[in-house]
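In what follows, subunit A forms one complex with subunit B and a second complex with subunit C.
On to the complex of A and B.
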């Protein structure tokens, strides 16, 4: 039965997967070419000073792609489930509706996790070509909050899409937007290296958020 | 005989708007039960309560022995539900939606699904969202029939269907029920179709139940009488003789559960002078309109 739900989710998200893959690979290739050009146009010491001493990330083009991809994924997954009250189809399936909703949410989170891994591995490879491993490590710590923001944005957008009440949509936005926003403060390398773990734990609180609008829908709540 | 559905003192309101109160009915296994009524009388509300999508204001409902707002997945597997508007996963194709649903039902009848779908003349990779309303309805009905459920709940099954497909579906439905002792609970606005298939019915009015009895008994005991009036047209109250009435100039029509002699005596007692008293045989649609009124 979970295989069937996975099949349904794949039908909805496959174009998102292809699109995100194209955009992400394109960004990473652009970053690689851009950094190579830096080294061609300037001497290596100047580039290293720019990146290491001035702490400027060479992968800024990646910054907002994951968060928008997360929001888009939530919309693509859950809007088709909500129009014309189609959530009743899901709730009438012979499977516990909470497990069904959570599984759908975990499919989305799993996709985001896969792409986050792709970003981290690709960035590690690109940065290791031009920079020492210390710069690679701090680069991964810099991009990690942006990737975490995509998880949180996905969870928030899912809850907002599933809940029929504008009152509760505002509540989810008020709860989650500050977390997303705070993950983009400042642009220096490694800014979140000491606080990242706290943000991860904070984000985990909301991992089951989609169950709340699901519960209210099951009860027949409109407001 | 085993009751597949039981509703006890069901009352529901949307805010301050009362839909109905103290609705009591049960549906026996192997029967086809119809809920009839005008728009807004609570037919879909009842189905939503039965399927647990709404909590009633008061009262209780049981489906296959379980409380309706807490149906287990195993029980839901036994219920084929046609949602209002023939909702289905429109982002899927004909083939994809069959592949999806078949994994939930061990008794899935693939041949039955494609037997109904092939009549549409569409390819298997045709997206449901690109179909007409009637075609989408046929896909939704095909999915339900293929599930081979013990209980089928159909909310306005006839929506969007042409006359030919409606007749075909009725044939499948009758065969499904009679051959396998299944149960159907349905609503429809095409009353003349229901006459051939439903065993028992509830007719709902505004905020109350107008009738609850087997269809054959309703048609045998509910009469339409015509007569002409001499003098001023009376304004009759609804009581145990007059279920409903209409008038056009001096032509009067009374709908009643009473026999002709009682109705004539009633009119005489009221001092109403009448002539050309006749009775007209009604089909279910006429009887329904007679009971509920044209407006």
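On to the complex of A and C.
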């Protein structure tokens, strides 16, 4: 059964995967070329000090890409289910509705995790070519909340898409905005050193939130 | 059961979101600047003078004894601060108490040295440029490499991103010979070329001893400063200046401040009773006659005057209504039982910190419980027994919780 759901999910998200891959690889290549250009045009030591003393992330152009990709994935995965109430077919499958909804979420989360890994590995490679390891470490720490935001935004947008009523959609949006925004505060390196773990714990709660809208959908709640 | 848990997950996140959003919106409307007077010490009157913005753009100038001054008189009483004005008016005295004064003397012997809580709470990348401190040329030049002090001292070449072995070994050996125990716990310097000369770095080793490292004619200069290893140093600010009175200042974990003097790294303890490094801005002002220490936060200010040998002369202390006692703060404390602080002026890191507002919150919580009960019973006609946990939520989150459980209503559960 899960295999069948996985296949169905893949059909929905394959274009997203290709699109995100193209955009992400493009921006990673851009970042690599951009850093290379910095070193070509300036004294290497000045580039280092610019990054180290002014605490400027050299990869800030990818800042908002993951969070938009997360929202887009939720829409791509769940809007087709909501159109003509197709999702209701799931209730006739020999599988618990909560489990199937969670499984769909985990497919999405898994894809986002793969892309996050791609970002982390590529940044580690680019930064270790041009910078000492201290800079690589703090760079990964800096990109982490932006990647975390893509998981949170995906889960939040899923709940918004699944819920049958507009009132609740607004509530979820009000809930989602400040928490996602919390992951984009400040433009400097290493600012989330002490709070990242708290934000990760907070994000874990998001895994559960799509089930309530799912339940409301099954019950046909309109309130 | 699972959809029920999911509902509470949503409620908790909604409360978190509200406790970020609502208090910040509230303070966007009700926050106001703190009216703090500027404090000066007059070398003419030998007493404190103040200026304060009380009415619009007009400043008021006054002293401790209730005298008020016009702007020009005020400035003539402060020749060491407003020497440019006095020079323009041709009334700059040529001496004060027998100490010769001129425009250039004041300029050369005046200095501001300060740091704020943000400087102590900021992400640091432990890589530093080691300047040539006895260059043949007038200006300081950037080296081509940065150093780190881990289990040895390593220079990393910026062009190749590789360790420069020979130089690294030479400097590591010099540190070893001086008694340095790797790895370094703390490195402090002033890594900029915008300074008159270079005094290198103060480095705390694994045994808490403080070493001074410089590069002189390409060779390492490294000495144990003899600064006590029990000082519990938290922060060192180095600032080279042409007065050559001190290298910089040490802040200890117990909120003491010491100057590191040129005279064999001896320490001068500054009179900073009540200073809190995590909350207050510290400023040391030097002029040809006095040394003034000032530290302040949003609650009060202390200003101590010393002579040029750091002997105590006088001190002035003031405080103003702390933010917590504003009416708007008290209303906020009732309405918001807590808020989530993410950024603050004292801390460059991003936080995720619950700030509880204190006892007044219980009024808000009681109010929240009553409103919740009333609306659930009379308007929504909900089964209270099925959703008793809603009240636990309100008990812990006050009106945030009320809003959450009333907006995100329980479903008819299976």
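The definition used in the following text is that the second predicted complex is superposed on the first by the 223 of 223 C-alpha atoms of A that agree within 3 Å, B and C clash if a C-alpha of one lies under 4 Å from a C-alpha of the other, contacts with A are read in each partner's own complex, and residues count from 1 in each chain.
Operating definition for what follows: a contact is a pair of C-beta atoms (placed from the backbone, for glycine too) under 8 Å apart; a residue touches a chain by one contact, two chains touch by 3 or more.
Given the structure is predicted, the values throughout are model-derived calculations rather than measurements.
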{"item": "Fit-or-clash call for subunit B and subunit C when the two complexes are aligned on subunit A", "value": "fit"}
{"item": "Once both complexes are placed on the shared chain, angle at subunit A toward subunit B and subunit C, C-alpha, multiple of 10 degrees", "value": "140"}
{"item": "Which superposed partner A:188 touches (first subunit B, second subunit C, both, neither)", "value": "second"}
{"item": "Touching partner for A:172 - first (subunit B), second (subunit C), both, neither", "value": "second"}
{"item": "First (subunit B), second (subunit C), both or neither touched by A:41", "value": "neither"}
{"item": "Contacts of A:8 with subunit B and subunit C, given as first, second, both or neither", "value": "first"}
{"item": "Per-residue touch tally on subunit A - higher for subunit B or for subunit C", "value": "C"}
{"item": "Touching partner for A:55 - first (subunit B), second (subunit C), both, neither", "value": "second"}
{"item": "Subunit B versus subunit C as contact partner of A:219, first or second or both or neither", "value": "both"}
{"item": "Closest approach of subunit C to subunit B (Cα atoms, Å)", "value": "8"}
{"item": "Footprint overlap on subunit A, where subunit B in one structure and subunit C in the other make contact", "value": "219"}
{"item": "Subunit A-facing residues of subunit B, complex", "value": "48, 51-55, 69, 73-74, 76-77, 79, 81, 83, 85, 87-92, 96, 99-101, 103-105"}
{"item": "Footprint of subunit A on subunit C - complex, ascending", "value": "2-3, 5-7, 9-10, 12-14, 16-17, 20-21, 123, 125-127, 129, 142-146, 148, 156, 158-159, 161, 191, 342-343, 348-353, 407-409, 411-412"}
{"item": "Contact footprint of subunit B on subunit A as seen in their complex", "value": "1, 3-4, 7-8, 11-12, 80, 84-86, 88-89, 91-96, 218-220"}
{"item": "Subunit C contact footprint on subunit A (complex, rising order)", "value": "43-49, 52-53, 55, 98, 129-132, 134-135, 138, 159, 167-168, 171-172, 174-179, 182, 185-186, 188-195, 198-199, 202, 205-206, 208-212, 214-216, 219, 221, 223"}
